[in-house]
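Common to both upcoming complexes is chain A, partnered first by chain B, then by chain C.
For the complex of A and B:
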């Protein structure tokens, strides 16, 4: 097991462009292992693109990403679970809840392997964690937004990774679902896993995260432990507004 | 025996197209087959110009090359212009069709294009166009190899194809080579489209890819079951449609499409009133 405070993810001078628009500009950061890490910034600041660039889902024009200080993505891909935004898929797709979670078990089943009863049991175990076991045979189109998010999370849990990259897992869900998700993430974190999560709700930042990466217009404004960097000045800077926030 | 040969050959192509069509339908890409069936015209025209006479094998090779080029262009454009697949297909379709028209207009003296054949194919000629070395239709070995090949591909590649079809971003994150699988799927679609084109025509080739999977999509909530239903529907519609055409004396390809259309409407109507939804599959 890697020790706490080792660097789990190191981005060096990342540049990502969508056409002529530069989304990440000379983006560098070191994220420590074993923390709940929040990525915060205004809409369009490059938070999701940063996660996609890490996973090479979008082409990176230049720069480098290292995991655990020396490995590239190919070497540690199986140690990383990525959770895309819920609206990135077609929820009318012909699949049951169980089918979706089974996708996360590719490490065990292989891409061409057969799904066996033990795999289904494991998928059900992760569905139970997010309180969705009773929905296992339901068509995914029958789920509410919060339930869909929980299914996605169960799929990410099924990957049994060391590092979890989550793109807005708490967006557009009710309070109960948020509580279930956060509880599970905090439990994973207490087991030594690193959670890196794009987050939008300012009022819960200090409650959920021990470490923050603050972004504005594709650049890192600051990063550090929440108690040190969560200041009105930094929030004003990343959101580009003049009013001060009240930080509890 | 003639009826049996027609049914066997058309059913084999129907199986191939409905198996691949299932992935096209869930990915909302089924009009790719329409684009392919029309935009291979430059390939056919160039084959005529180069060869100077009608040579089926030569035309087939040129049409395939043209189809694969078109698929590459579509895949490339889709990677550059995200979420505008319909615009990409419409643009590529009309551009290549226009190039084909110009080639046919310029060198049209050598062309022997029969509009009826292009629209509805030459299904009834299947038993009469036999191999030199065996008493079987020329299209049968090809249909058999393609049918077995496609079904084997879909069976072995079901998981990566289904993961990519549902969530391409997740597939990329776990290291699935999305580009490879997209090319593999679309290349097979190209091959089946072009091979089916001669037999069933440009209208039915789209219907064979679209209708059985669309019907199956309405009947089940699982992709595996959807594939199986799609294969069964494709065979049923070929058999019923063919014998309907024999009975009423019209076009076989058109009759098969009509049967598929009726099946589709029935699934939409009964699915809407919740009848099919109650069936546990």
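For the complex of A and C:
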């Protein structure tokens, strides 16, 4: 059952700087629970930094983030799955596909515990969801970009979270992989999970997302249900161009 | 046991430690960091000798441990507070500590203290200078490295493969880096007398790199290969340095490492 009134993530006046460059400026937003939420904006607008700031992967200069209206990150970290950009890791690292998905089961295995057959079975179950079960014993370097993304997604699914923060999961992948990923995300969403995803393809925004957070140069331009905020004016504003977009 | 057998045993203990630590250093892309540590032990040895006026190994190694730690603290502090690139800073810190060490050793050589004999072995290494009691020290370090590696294996795997994901689940990546640094300092400190300051980073890096080329996907097997290659080169290096007594062990080891690496690199050259 969806509870779409609750706020799953509340950012209050976030400020993040990389050296002298201010990436997030007084960034505030309320994201509702149970939605497929798209974060859109031009390159360098602070979309990925916002997700990293939420997870405290980058230092936050000031501001506050609350989850489910009252909890801080430490209290709910295990309810959140974060999927980094694919190019953030070294794909030549000596690991198999199964090893990567097993990382997502850290809540069960612990960081010092032993991997047991039941953990491997569970990891295979999540690999099957993204149609990668036949690749379990393959070295991750042998995979295509789309397959790597699916493995990353299987790891995120294995975390069995309530909130999924995905940094460009559809970047640089083929149509088949995109279909598999979106299908899985929509299924998760139908089970009541919240999906927050950095997205770049304008033509699929209205199809994939029920709610949008539109960003420009580290500031929130607007947020709201897709049908209300996905307008030519807003798109022109976030991308900083005058050309009209064709919105279906 | 003969002296030669003692030396081989000690050398093998060092080889196993270096084989384990080297894999993490290469996978975490911290190979240059180990070079900073190896070059920074020299001033510690010099200061310890000047302070205590005797060549007790544990005192010298304590000094080495302190200055190598100091070099990494300097590196991280400079990295935080300057806009210089990491590799530039590494070259700066490495050169500074090594220069201080050489200056101190020259001063010690000019002194009249009879205990100074053999201190030069720390630069190029002399396996034959290992005494049976030093082997115990190497064994303790090996025990520590194996235990730490066993206990933190998955933790190090997580943070080496995907730091961003690790941080998102609350794993302290800086602590994992400290653990690897701690293991590498221990290994370097125990290995300097045998292999030498200048050559030790090669022993840490080259065999583990070859191991990663041989075995691409299984980390446990990479450790086995790395340890195996390390033992092989260190044993051959020791035998050669015994056969040619005036030649430094470290140089032999690096030459053998390089030749083995060359064979594997050429064999695996994709072009």
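In the analysis below, the second predicted complex is superposed on the first by the 246 of 248 C-alpha atoms of A that agree within 3 Å, B and C clash if a C-alpha of one lies under 4 Å from a C-alpha of the other, contacts with A are read in each partner's own complex, and residues count from 1 in each chain.
Going forward, a contact is a pair of C-beta atoms (placed from the backbone, for glycine too) under 8 Å apart; a residue touches a chain by one contact, two chains touch by 3 or more.
Treat the numbers as computed from the prediction; the structure is a model and nothing was measured.
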item	value
Chain B versus chain C as contact partner of A:42, first or second or both or neither	neither
Touched partner set for A:55, first chain B, second chain C, both or neither	both
Partner chain(s) touched by A:93 [first = chain B, second = chain C, both, neither]	both
Partner chain(s) touched by A:171 [first = chain B, second = chain C, both, neither]	neither
Contacts of A:17 with chain B and chain C, given as first, second, both or neither	neither
Common interface residues of chain A - those touching chain B in one complex and chain C in the other	52, 55-57, 74, 77, 80, 82, 84, 88-90, 93-96, 99-100, 103, 106, 109, 111-113, 139, 141, 155, 159
Residue ranges of chain A in contact with chain C within the complex	19, 52, 55-57, 74, 77-78, 80, 82, 84, 88-90, 92-96, 99-100, 103, 106, 109, 111-113, 138-141, 155, 159
Chain A-touching residues of chain B, taken from the complex the two chains share	26, 28, 156-157, 159-160, 162-163, 165-167, 169-170, 172-176, 217, 220-223, 225-226
Partner chain A, residues of chain C touching it in the complex	27, 29, 83, 151-152, 154-155, 157-158, 160-165, 167-171, 212, 215-219, 222
Contact footprint of chain B on chain A as seen in their complex	52, 55-57, 74, 77, 80-82, 84, 88-90, 93-96, 99-100, 103, 106, 109, 111-113, 139, 141, 155, 159
